[in-house]
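One structure coming up, written as structure tokens, with questions to follow.
Chain nomenclature is as follows: A, B, C, D and E, assigned in order of appearance, with residue numbering initiated at 1 for each chain independently.
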Amino acid sequence: MSFEAFLIVSAVLFCIGLYGALARRNVLAVLMSIELMFNAVNVSLVAMSKYLTPAALQDDISTVLTGQVFAVFIITVAAAEIALGLGIVFAMYRTNESVDLTEATLMRH
Amino acid sequence: MVSQAVIWSIFLLPLASFVLIALVVRPLLNRYSMISGFITIGALGTALGFSIWTLRSVALHHDLTFEPVKWLSVGNATIDMGLLVDPLTAVMLVVVTGVSLLVQIYSLGYMQGDPSFSRYYAYMSLFTASMLGLVLASNIVQLYVFWELVGVSSYLLIGFWHERPAAAAAAKKAFIITRIGDVGFLIAILYLFGRADDFAAIGLNAFHIPDIWQAAQPQAALGAVLGGAALTWLALGIFAGAMGKSGQFPLHAWLPDAMEGPTPVSALIHAATMVAAGVFLVARFFPVFEHSADAMTVVALVGAFTAIFAASMGLVMNDIKRVMAYSTVSQLGYMIAALGLGLYAPAIFHLVTHAAFKALLFLGAGSVNHATGTFDMRYMGGLRRHMPITYILVVVAGLALVGIVPLAGFWSKDEILLGAWNGTGLVDTWVNRVTFSALLAGVIVTAFYTVRMIILTFHGDFRGGIEKELEEKAQAAPAGAAGHGGVHLHESPFVMVLPMALLGIAAVTLGYLANPQWDEQLGIPKHWITGFLADGLGAARGLGGHSETLDFSFGMAVVSTVAALSGIGLAIGIYLKRRDQRAEPLEKLGSVYTLLSNKYYIDTLYEDVAVRKWFFRVIAGTLDWIDRNLVDGTVDLIGWFFRNIGTAIGRFQTGQVQAYATGIAFGVLAIILALLLA
Amino acid sequence: MVDGYNGLLTATVFLPAVGALVLLLLVKGDRNIRGFAVLIGVVDLVLSLLVFGFFDRSADAARFQFIDQFTWIPDVGLNANFLLAVDGLSAPLVALTGLLGMCALLASWHVKLRVKEYFVWLLLLQTAVMGVFTSMDLLLFFLFWELELVPMFMLISVWGSGRKEYSAMRFLIFTILGSAFMLVGIVAVFVTADVGTFNMIELSTEATMLTSAGLLIPLSGLFWLFFAGFAIKLPTWPVHTWLPDAHTDAPTAASVMLAGVLLKMGGYGLLRINVGMFPSQTDRFAWALMALGVISVLYGAVITMRQTDLKRLIAYSSISHMGLVLVGIASVGISDGVLTVTGLSGAAMQLFTHGTVTGLLFLCVGLVYEKTHTRYIPDLGGLAGRMPVVAVAMLIAGLASLGLPGLSGFVSELLVFLGAYTAYDWPTVLAVLGIVLAAGYILWMMERTFFGERRDRFANLTDASLVEAAPLVLMVVTIVGIGVWPSLLTDVFESGLNPMVDVLNGVINK
Amino acid sequence: MLFQDVVFWILTVMAIGAALGVVLVKDLFRAALLLVVVFMAVSGFFVLLNAEFLAVVQVLIYVGAIAILLIFAVMLTKDVQHGNQPNRLQIPSVVFASLLLVSLITVAVDTKWDFLPAEQQERVELVQTNAVTTLTGEALTESGVISPEEQAEVQGAGLADLLIGDYVLPFEAVSLLLLAALIGALVLVRPNPGTGRG
Amino acid sequence: MSVHDFYVISPYLAMAGAGLLVILLDLVLPKKSLLPYFAFAALAGPFVLSLIQFYDISESTNLLQGSGVFSTDEPSVLLGALSVDRFALFFNFLIIGATALVVLSSTDYVKNLERFQGEYFGLILFSATGMMLLAAATELITIYISLELTTLPLAALAAFLLNRQSTEAGMKFLIIGAISSALMLYGMALVFGFTGSTQLAEISTSIGQATGDMPFGSYALFIGIILMVAGFGFKLSAAPFQMWVPDVYEGAPTPVVAFLSVASKAAAFAVLLRVFFTGFFDVALDWGILIAGLAAASMVIGNLVAISQSNIRRLFGYSTIAHAGYILVGVAAGVKSGEGIFRAPEFAAIGPDSVLFYLAAYAASNLTAFIAITAISTKINSDQISDYAGLVTRAPVLSIIFALSLLALVGVPPTGIFIAKLYIFTAAVDSGLTWLALLGVINSAVSAYYYIRIIRIMFTQPAVSEEKITVSPAPWLALGLAGAAMVFLGIAPGFVMEAAQSAVRALAV
């Protein structure tokens, strides 16, 4: 259970999320995949917080929490993003009768 | 002593006449267009007087060097506008103003009623001014300037009846062909400027004609600036210009076509003066030419060949003016050949006499045309009964051309033949022999076609004139000829006959009186004109004193007369007694006749093969194709490429948002790879 | 450089623009608009003639005169000045612009479509061109250089004929592409370590000139960057293809301005910048200029022969004639000895004379087109009888174009050839052949258009009216005047070019 | 450490397996539920990484709010039957994702990370584990943080202190962000769309 | 937080407050048409505060370093997260100005909305707050939050019309934005992990210790910085992260597009400069090449694809990509390879100077164009370029101003972008990027083709309708202001240039 292991898990989660975000047709599935990516980042950040030396450790012990603070913000932003995202999804669903991204190609070329 | 202002005014008077007619008379007083004629004649009369004054002054050895006016400075040389007055100039001035004056008087009658009367006189004035400027020029660029102006005057006058397509085409042809020769002249000037530093080093101006003479003297104290092969090329460049203007083979093709102009124009420009400018040019630079045996050989051979070559075509022409045109080319060949052999004075002498009798011949042709409306000798005949004065004058002039004692042509042509036989040592002997033979043969041919022309025109029965011609050709009357349309067989009016008569007098007497062969006549010294000119040349070389002239040789006189008479006899024998007046006996010559009447196919070669086919279709066509398809096409292709590559890239824009995200992922990985590999 | 403010040049340059503004905002009615525009043209012509006339051409006079200068962009980033001045090279071109601008305005008397807009563009164009010839700050120079594009583009694409939009676009893209290279050149000059200035006066003075030390781009690179911009404008082979299109489809006045002064900007740029600022490179690459020049001369002339559209014909002949400018500049390439001003002076003269000659040709063609409604040569013929004034003007222009002595074209061609021959003899001889070709196409064109039998369908043609003839007369007088007394111009040109020649001699004999 | 390793591996399998499920299963509803599993597993990781507070937040926000919202959305959009179809970008997605994975793993393994020195481990752990609790002096003394300065320092290093201290600005900004997002969402689900065109 | 801290962040608070105020006013105001004017007036707050701050600090100082009227000796809690210096203030003015113009130009546009006009302006102002913060942020978390604060309201605004195009645009913007942020976050995480800090100043110190022989000296930095570039690249609309741009530009409300293309882009460049020059300068030689590559790709792709567009907003989408390319040239030109054995990167201030100037000029020109497009498309109800035919007869003055702005975008003098391009290419040549400058000018030439095509259509083709196009006073005012700025920057660029230089001096490492 080394630092690298956490990073690798995070990387795997991130890439699965990326794959999902790129390859799913349903917009909700894409949003879920994006959440996966955010979570993956959070795992890395917290792991770094635990294992690595903060630059200002000598001056300020609280810098060991930077990663966690970062994660808190990411979680919050993710929530906001999902809220807005779902708003757009509903609007899109109302006008398009579909949440399929391959059908949302009115504007192209 | 004649003053500078007087000499300048010889040139300026006709110029002023041109300006006055062009800017005042033509736009404002066109209804009174006769004024133009009088202005011109007045100006030329004065100019003639001044010219004679100048000639006298030169003959009295007055110092006539004047300070030139700076026109343009270029690097180490300046292009000046100045006066170079030597015997050659003086003689030419008189010839030009004299012939011009007579022709202008003649034109009063000939051009009467033409709607563009003023324009005609304006052009004529411009021409005369240019020609005089050319003669007076002291600077080679100045000479070139007037040389070109003379060319453009000729262009304007040939194309005077511009509504006749043939006239417009002939004008263009004349200008372009002479311009080809002028390129040589221009390159010679460029070469001189290229040596300007060397000139400047010894205090000379590369453009100043006397300085060029001086620079070409190998024995000059200052040392030769010009020499060797360069001198030959320089001389040949100048000669190229001369060839163009004087219609020497192979640049002769324009001159016969130039007969599309009004006949007085032909008389003045294409017989007496402008075409002689080539001879004048070679003479002007004779001190340069004579130091290159190679150049002299070329000049002599070209002249000799042209003399016989043009004469041969004159044999078969039906158009009276064309006969004379070829005759002119041929006679110019004599002069050029003479210069090539080193016979400076005889060449100019011949120029002078030729100016008189050839102008007369042309004016005679104009007179005939005035009566018959045509120039085609096949529709003339028997005119001697209706226009006796013209007949007599034309016969006199014709015999002068042939060289019959004691008419003017005899004396001058004999000098040339004699000089060719004797040689001057400037060229190899074989050149002398070849030239002499050609010129002698030329005498026979000249005699033949002259007599043929006289017989066809004046003897036999009248064959219908322009009316008959139109009937046979069934075509619309040429617009410009309308004024002379009808056939009214009678002698020309006085204003036309008077100048002819004066020229006739000159054609009879000029030869002997200008150059008395044995002793002083009427106060004119023995060998006056040749001696005068030869002295001038000596002065140009930097030598003082009197120069050698040729003494009359009975032997040569006999030989040339026999040759002339044999030609005359042959012509009389063939034409005068022929049974069918409409037939052309020379047609019996078969393919030779065809060759001659097609002018050796040279026009075809030039116009159809060289210009139309090779130049226009092949070269210009190819370049045009390249321009439209390759150069332009490349541009269009690039444009097309950019437009379409944009569309192609736009194809990735599928509208599906994840494709865009994939683009981002791809971008990230591409950057990683690129940086790793970089 | 001493700051100074004379004001004459500023007035000359900006008067048309101010006039355009006033026209746009205040003047109503087509008649008034025309009259006002022509008035502006006359005043600007007078101003430009004042510039030319009062230019001190004595030997000890200052090289640059009538200096108008103030700081434009302070020395914080770009250090550019508003700097107008003329030297002997630009003073005649200013006069030329005034003259042709005036003629173009007069030639537009019969424009019916969107009259106000038309004159506004035309006046703006004049300001731009005037600005190019008088700016002595590279940035300002470039500014005016670009400013000229839009009016020209609009003039062609709105008031033109034929494939006008295509042609206008082509003109635009070519020129912008050319100026793109130039811009990089300007930038590179500026950023060079110890330069940091756009001041063209300093950059063309020997002491403060660019040297190969401390350069980011080699001097040769700079030379070619500028050359690219000017060559397209000139235009030289093989970047000439925009010109025939633009000319063919442009309205008369635009053609006059395009051929008369816009092309001159290219030649002026070559002289002012390529020769003036990069003498060593000009010397080094003179052979290339010569090659391009000779090719342009011959290629343009040969293709001119094939043209059947009058304007296209003149356009190709312009390519040929502007090739001579390059040939003249190539006189710099003498291998030894002392360079004289001849060739450069010839090139400058060629700019001026071609401006007047081609301007006149286009004016005439414009009149022919206006009256016959065709420019297709085979449809024309025999016009001389119907419109003698136009025919005479056209003939004079044509003869000047083929280099007839006594008319302006001869002097410039002669000087060009004289100069170039000392450097490259045989190539010059080739270029000289161009004058035969010129005689060919000009006279053939005259023959087919004006001479020959009268056509019935032209029976009702009228000759040029007084207003139409006025610009013709103006130009003919100039052409003949310069032809007869060329020193009037050459002296001025030489006073501008001599300093360059002095520098060049230092380079050549190094 | 064995126990923690075992937990780590269990969580890893859970997280990755569920994540794969999220992106692969056809039924969107199940995908959403699997997403909850991932969230829980990540929460577990947080616990393992001394971030108990974060684990709680994770559960509260992700599972309690985000997942629920998503499940509602899945049900409301009635697209469940179409489900979680793949699009045509399968191959590039897999290729790019795996390439990125390779890069990221390289980063994880090959970077010379600046690991925490062993002597600091304990203090850091103390700060991290108790980020949201107020530690008594006693507890600190037990953990080896004895000097008053050190104690004060550790006591001032809570997450909450940071959020209203050093990170007050992002904290304020994020509140604005939430407000904006909510307003945005509110506007977008309004019943009567404007008629204006783009 | 001390009083001084509040003073420091007062422009941001004022901006956010303005947003809230407008939303609240919407609830109480009876006459909705006055709303834009209130929003406009509310911008005076942040503007005046920024102005005060501007005169309160001198060059290369930071309001947090104890200067200013409310200065205290106590270190601020904001230290490290924010740097309110001339650089930030330059962008404050730029963003406030752009926002003001967008608000003014929206007056006609929002009349189509029956409700939620307040929210429309509120979201714009919130987004503007984010942008201003972005320009001042010096810490990764703050940067991230500001970035999201910028992006999310814009996504909502893009979908604001709730028709198919608009929602699609909003959805695309949101999803691409989210994926980019995720990538960027991973990058930030790696950078944070390697350097042990989220503060740019500390990152800068640590980064110098990376000594591996891979690019950027370490794999974490290598991948981390590239992922961050991807995230910023989305905001910059730089290739290859640009593909969302045309679609969103086509679908979103026109004023929003204007806002997006001007203010959002400016903020993105601000943060790019801040992060790369303050944080990552030690590895500048590596990212210099990277940015140069992006610049080249953006210019080429933007211009080439724009040529074939028929929808004007789509065309402007590609045009904005191209302009991002030009500006990136300036960013790349900020790095000079130093001399000596180690060839440490040298800071070339002229690069960022030119970027700032370009952004100002681009803002003026592009806003002019977009305000004109808004005015026109509201009336002719079409975005097809072919429908702009003969516009000169229907709205002469508007057409002329629009044409001028198009010429400005080409870079024809005497407009701001000409000087800006000159400045940028000067910087590029100065830093040895002549090839890039050459590519840039050639691209400018290519761009003339499609910009001038629009002018040609407006001026030379016959009008489809005779109906005049009328514009209400507020957009006229906006158009006038933007147009004047556009020309002013070309004729007298010195003032803004000096401001840009003084701003960049604050950035200097």
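Just so it is clear, contacts are C-beta pairs under 8 Å (C-beta built on N, C-alpha and C of every residue); 3 or more make two chains touch, one makes a residue touch a chain.
All values derive from a computational prediction rather than experimental measurement.
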Starting at chain A, fewest touch steps before arriving at chain D: 1
Most central chain, judged by mean C-alpha position against the global CA mean: C
Chains linked by the largest number of contacting C-beta pairs: A-D
Chain B and chain C, separation of their C-alpha mean positions in angstrom: 37
Distance between chain centroids, defined by C-alpha means - chain C, chain D (Å): 71
Interchain centroid distance [CA atoms averaged], chain B/chain E, Å: 78
Chain centre separation in whole Å, for chain C relative to chain A (CA means): 64
Touching two or more other chains - residues of chain B: 650, 653, 655-659, 661-662, 665-666, 668, 672
Set of chain D residues in contact with two or more other chains: 87, 89, 92-93, 96-97, 100, 103-104, 107, 113-114, 166-167, 170, 174, 177, 180-181, 184-188, 193
Multi-chain contact residues (two or more partners), chain E: 141, 144-145, 148, 152, 155-156, 159, 162-163, 165, 167, 169-172, 175, 179, 186, 190, 193, 196, 222-223, 246-247, 250-251, 446, 449
All chain pairs that touch each other: A-B, A-D, A-E, B-C, B-D, B-E, C-E, D-E
Partner chain E, residues of chain D touching it in the complex: 103-104, 106-107, 110-114, 165-170, 172-174, 176-177, 179-181, 183-188, 190, 192-198
Chain C - residues contacting chain E, complex: 72-74, 76-78, 139, 142-144, 146-147, 149-150, 153-154, 157-158, 164-165, 168-169, 172-173, 176-177, 179-181, 183-184, 186-188, 190-191, 216-217
Chain E residues within the chain A interface of the complex: 140-141, 144-145, 148, 152, 155-156, 159, 162-165, 167-172, 174-175, 178-179, 181-182, 185-186, 188-190, 192-193, 195-198, 202-203, 205-206, 246-247, 250-251, 314
Complex contact set, residues of chain B against chain A: 650-651, 653-658, 661-662, 665
Residues of chain D touching chain B in the complex: 87, 89, 92-93, 96-97, 99-100, 103
